[in-house]
Amino acid sequence: MSKRLTGILTPIISVLLGIIVGTIIMLISGYDPVAAYTALWNGAFGEVYYVGEVIRQFTPYILAGLAVAFAFRVGLFNIGVEGQFIVGWLASVWVGVAFDLPKVIHLPLAILAAIVAGALWAFIPGFLKARFRVHEVIVTIMLNYVALHVTNYIIRNVLAAKSGDKTEMIHESASLRSEWLQSLTDYSRLHWGIILAIACCFIMWFLLEKTTRGFELRAVGFNQHAAHYAGMNVNKNIILSMVISGAFAGLAGAMEGLGTFGYAAVKGGFTGVGFDGIAIALLGSNTALGVFFSAILFGALKVGALNMPLEAGVPNELVDIIIALIVFFVASSYIIRAFLDRIGKKGVK
Amino acid sequence: ACGKSDDNKGTETSKGGEKGKSFSVAMVTDVGGVDDKSFNQSAWEGLQKFGKDNGMKEGKGGYSYLQSKSDADYATNLNTLARQDFDLVYGIGFLMQAAVEEIAKQQKDHHFAIVDAEVKQPNVASILFKEQEAAFLAGVAAALTTKTNHIGFIGGMEIPVIERFESGFLAGVKAAKPDVQVDVQYSGAFDKAELGQSIASKMYSSGADVVFHAAGATGNGLFKEAVDRKAKEPSKDFWAIGVDRDQADMGPDVVLTSALKRVDVAVQDLSKKAMDGNFPGGEVVLYGLHEDGVGLAPVNAKAPNKDAIDKAVKDYIEKIKSGDLKVPQTRDELKNFSAK
Amino acid sequence: MDYVIEMLNIRKEFGSFVANDNITLQLKKGEIHALLGENGAGKSTLMNVLFGLYQPEAGEIRVKGKPVKITDPNVANDLGIGMVHQHFMLVDTFTVTENIILGREITSAGRIDIKKAEQEVRQISERYGLSVDPQAKISDISVGMQQRVEILKTLYRGAEILIFDEPTAVLTPQEIKELIQIMKTLIKEGKSIILITHKLKEIMEVADRCTVIRKGKGIGTVNVSETNPNELASLMVGREVVFKTEKKPAEPKQDVLLVKDLVVKDSRGVTVVNGLDLTVRAGEIVGIAGVDGNGQSELIEALTGLRKSDSGSIQLNGKELINHTPRKITESGVAHIPQDRHKHGLVLNYPIAENMVLQTYYQKPFSKSGVLNFKEIYNKARKLISEFDVRTPSEYTLARALSGGNQQKAIIGREVDRNPDLLIAAQPTRGLDVGAIEFIHKRLIEQRDHGKAVLLVSFELDEIMNVSDRIAVIYEGKIVAVVNPKDTDEQELGLLMAGSNRKEAGANV
Amino acid sequence: MSLMDILTIVVPSTLLWAAPLIFTALGGIFSERSGVVNIGLEGLMVIGAFTSIVFNLTFFDTFGNATPWLAILVAMVAGAIFSLLHAVASITFRADHTVSGVAINLLAVGLTMFLVKQIYGKGETGIISKGFSKIDVPVLKDIPVIGEIFFQNTYWTSFVAIIVAIIVWYIVYKTPFGLRLRSVGEHPMAADTMGINVTKMRYLGVMLSGALGGIGGAVYAQSITSNFSHATISGQGFMALAAMIFGKWHPLGALGAAIFFGFAQSISIIGSSLPFLKEIPNVYLLIAPYVLTILALTGFIGRADAPKAVGTHYIKGSR
């Protein structure tokens, strides 16, 4: 069996295995798996509205996944995507609310604000790692909480109309929304962000694989000593990779701030997008294309799951279980690959 | 798949009973889910009761709910329910305001209702509560119970709803016993029991003997702390006051009473109106003491002053209902409040 | 004939690759049996089979005549087989004692009795003349010491049969002498030894018999007393080998590298290069001889910008380079074959091709305005691969997959190709077979003949003597003597390296 | 408020916060010392919290006041069993440890919430009637000053946590098991040549992390939330992970780090009552614990070196 075929088959088999185990769980607990999966499918692709919602859902997922993946490729574990996402969200809304500009200026400016905010938020752990060798995992975990509280404070005390809990709606000139896209999908909240997300997949691929900067970043990720020996500035590349990672995360926040929601509200807890980004990146083996596909899978499962209780009476936690199982099986793809190789060999004989 | 085309919804769905199709109603919970022991749960109980009273089935065409797993799901869920032709769709919680507004604009032929927030759309009814009135009564009860003249208030997040609780509570304390000191502290979250516990511990340690919370699951920590302390020092008082529903089950020896917020009542009431064709679209429906939308749970029989409290509470209820007493709902109003 | 170990017709495959093809090795009691073969011939593999780390696909192992199945190192231990691995198997953060007792701890009441264990370690080390500090941390002791710990590990487990996999590759001449002494003591104590080494001189000196393997196949076993290095080498390589690298006398020109009063601290903050002066001229090879730990590594790191210097001056063609970045220094015309090829020399997870442009990727033609030009990179790689005889399936192969010798050739190709004014080679032939060594020495001399300055650091006195035009002896962070290889011998160098001055060493400048 | 008042409030609340973090971080140490990265601590705590609450609710009538302690044991076993998934994936199936850990976290939440709905027909459990409660430590409580600060209004579980930290330190640094465990995490091939079963040690390391993570979750649920819902464990596992790294993979270091986190958290709560902190906007107090941690790391801790082979797979015969 060829390497490429195995490479494609492995995730597919993982997904199938996840579904099979999910089915077994449903059978044991007395639910109707066929109805459940039908509901899941209908909830994700059954109507064009839901297709729009699935795309809307995986737009930030792609970016959050890219953010995690990018740092990973340089040997850093950015658990702080959640926090960078939140500050990006707020920054985009802030610009969206505070200014009144022509769209050609306003929208890019709001997007840029999100990117810069996310990048700056990620600069902190990058800098501390480079300068003081502080473990980025702790710093990013801590900064998530800081981001949550600080953005809540700003929303409540600076941006919200009189002790409210939510900013005003951004001006139309800063919005990613499009009547046309929405009408295409029967008024889902589909917005132009998907174009940006896809562009970012390309940017990540190009940057890492085709540029001298990417050459350095990857080298630093694999072997800092060799990178240093080769004249690369290791610390600068560490900081840079966190900054780029944070920029992706901040942009993901703009997807929510300028697209899905159009405002920022006080949050009682984390949105989970950043943490889902970890699973998405890992599922996509930290490559741009992989992230793209795993984000689609996640988006479809998440949106489709909402429909399961109503249409099939199955708790939507089941989808969380299935997602977890898929992640497990993909992670354990070594065993699947070994199995495929066995079959491949037998087939030849 | 899901089988219904989207262009024909206009005529079909506007008024319930008209086409021989029975009335159906559903709600979307926020991330708390229907069992958050707070307003989601209360709303769902109301909806269930309404459904049973009117011989409806749970599920499509009867009464149902969808749970949101993140903020982004609100709109999808509201839309899904509208698409499934529920005659009235509730969004439960202030978090859902923007989503209800947006979907209401798209689905102009469907009726929506939002709890705890205001949406100015002709097809949306906004349900607001006069939390301050319930909290006021709780404040009265607290003031009449404290021996140390020291009371605590634990808020979840600083949002208008909780500010109403805070203002009302402080006003109630002031009205019943002006010289009582009240510590106010916000935990910043509705789901951090350990924060609630630590704050409660601090309040009790520094002399408070009654603590009121309006902090969702964060408040669980308050009850835990009160129960623990009471078990350790049965001779001393560690009272806790619950919120939203009667939380007496959280600790029979320590729960003094609870500031009730009858989302269930409101939901039943509004559903009834809608079923009867009197949907108050575009209006704010206020539920206060007068509408039985808020209230005070029975005061713990072990409370030393129970009779006095019951009496005082009854008096204030009269005053509020009659309009003689207007309970402040913001901190600004509280500054100018006097109980005379 | 009683053999303590017989490995009969052993076959070991890695996937489709046959690393050991029908190899037979028989070890007599009380002998030192050398195992000889090129890099990648399959020596370590064969020994790992004997030690139970690998399971052979075919063949039989007998210990004292009895057929055995050695399924894991525990079984090997129980059979009295101990192995000193080519890459040390020591836990850096543990002490000497902890490393030795690991897996066979001495306990009292469930707790490791570290006092008693240390005592035991001390006892064994005294008995076999292997003095070590039982309480020292592995990361703090020299490579030679670490090897003693490896030997002690086997002795602690009561090994009767010891396998040494290239034990001398990492040792200084003094340490080698000591090791040879140790091996002789071990034999006297009734042990038997299998010794893997690329150094024919050592085989001639200590071994009784020698088994030669080539490309995974057994070539045969010879009595050392009946053979000579030339015969062994040609058995191993399959052709004649020239040992003494031919070279013309040097024609040194202007100073290229001028180091004055250099002071450098090591990672623990101890001053290890302490006022060092050194000159390397165009067209000459200067060899630095010294015992490991006298500041060689730090000197090179300072020269190449990998480590900060405290004071002094490093001039290249008259330009000051002290404390410049590695990038500046490479661009000024310095190339560096690093001592640790895995740590510094290569990004093991990059293809060979990308490793070939590790310092030049940002220059034309390998990239333009920040975008890599892979066509040029692969072209360059293919050229270097063929020019420097790097044996690799393709230029896309990950560097990780290459054998040590080929990795080293790739690095040398890359560095030489940059056409530097100064080539710094640190232990360039460590662990390589004679064929590869010959190749590398030729390249170094070729560079010199092209008018480059070459600085060679090596612990192999042979190499220093053979290749250098001048020898600078380093001792405690200073160059204590500069001698001409023609006017000196290993004896004298050894003394200089041990810190006695030239006069005492009995020679004149 | 006097300093004494402050301390009598801050210290018990610090210890209350710290206890679950200590247990879980110690679990993390076992796993990572054996070479297996464990970011699944959060999920293991979820399992522990869930199991303990369900057990407590179900068996309170049978076991009475011993129930919370028994529930801890049950949670420990459940955590250990659940962690087997992580072990199988990351050791036997050679999964990326981090991916597998993420899957553990996802699965734990999904599975427990699914089960809660199955068992109770709603989204959260009821309130347990007997959790861990405040105690005064006999004898010690009467020591002047210290007794009042450290041994009054506190929880047995906090002291158990501290004692367990010391026991873990002893195990990791003083016993053959500890030596082997660490060797496997530092240099598995060396351990293998010494006849140590790398796979077995790693399985043990992971399962111990499951057991301790389960205890951590059980302690948290039974001494703080008193019930189980999706919000019961929300980030404590990650804080425990941070405590483990902050403590440099050393049991006593993790103990100190967890107590530091608890302290920073308590200070942020008491802060609003202290005269000099009163005027500060609430947000500064809310972020104080996290910022303090970052500053502490930057200031005096600096580089933390993980076990060398952590996150790698040991495949016999590979180079």
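By letter and in written order, the chains are A, B, C and D; residue numbering begins at 1 in each of them.
By our rule, contacts are C-beta pairs under 8 Å (C-beta built on N, C-alpha and C of every residue); 3 or more make two chains touch, one makes a residue touch a chain.
Here is each chain with its UniProt name: A, D = ABC transporter permease; C = ABC transporter ATP-binding protein.
In this text, all values refer to a predicted model and were calculated from it rather than measured experimentally.
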| item | value |
| --- | --- |
| Neighbouring chains common to chain C and chain D, by label | A |
| Chain pair, most C-beta pairs within the contact cut-off | A-D |
| Centre-to-centre distance between chain C and chain A (centres being mean Cα positions), rounded to whole Å | 47 |
| Length of the line joining the C-alpha centres of chain B and chain D, rounded to whole Å | 35 |
| Inter-centroid spacing, chain C versus chain B (mean Cα positions, whole Å) | 75 |
| Junction residues of chain C, two or more chains touched | none |
| Multi-partner residues of chain D (at least 2 other chains) | 231, 234, 282, 286 |
| Overlap residues in chain A, where contacts from two or more other chains coincide | 149, 152, 269 |
| Touching chain combinations (by label order) | A-B, A-C, A-D, B-D, C-D |
| Of all residues in chain C, those that touch chain A in their complex | 304, 306, 325-331, 336, 338, 343-350, 354, 358-359, 361-362, 367, 370-372 |
| Interfacial residue positions of chain A with respect to chain D in the complex | 25, 29, 77, 79, 124, 128, 132-135, 137-139, 141-143, 145-146, 149-150, 152-153, 157, 269-270, 275, 278-279, 282-283, 315, 317-321, 323-325, 327-328, 330-335 |
| Contacting residues of chain A [partner chain B, same complex] | 38, 41-43, 45-47, 49-50, 53, 56-57, 149, 152, 156, 163-166, 169, 186-187, 189, 256, 260-263, 265-269, 271-273, 302-303, 305-307, 309-311, 313, 316 |
| Chain D to chain A touching residues, read off their complex | 85, 88-90, 92-96, 98-100, 102-107, 109-111, 113-114, 117-118, 231, 234-235, 238-239, 241-242, 245-246, 281-283, 286-287, 289-291, 293-294, 297-298, 301-304 |
| In the complex, chain D residues that touch chain B | 1, 5, 8-9, 12-13, 16-17, 122-124, 127, 131, 133-136, 153, 220, 223-227, 229-232, 234, 265-266, 269-270, 272-273, 282, 286 |
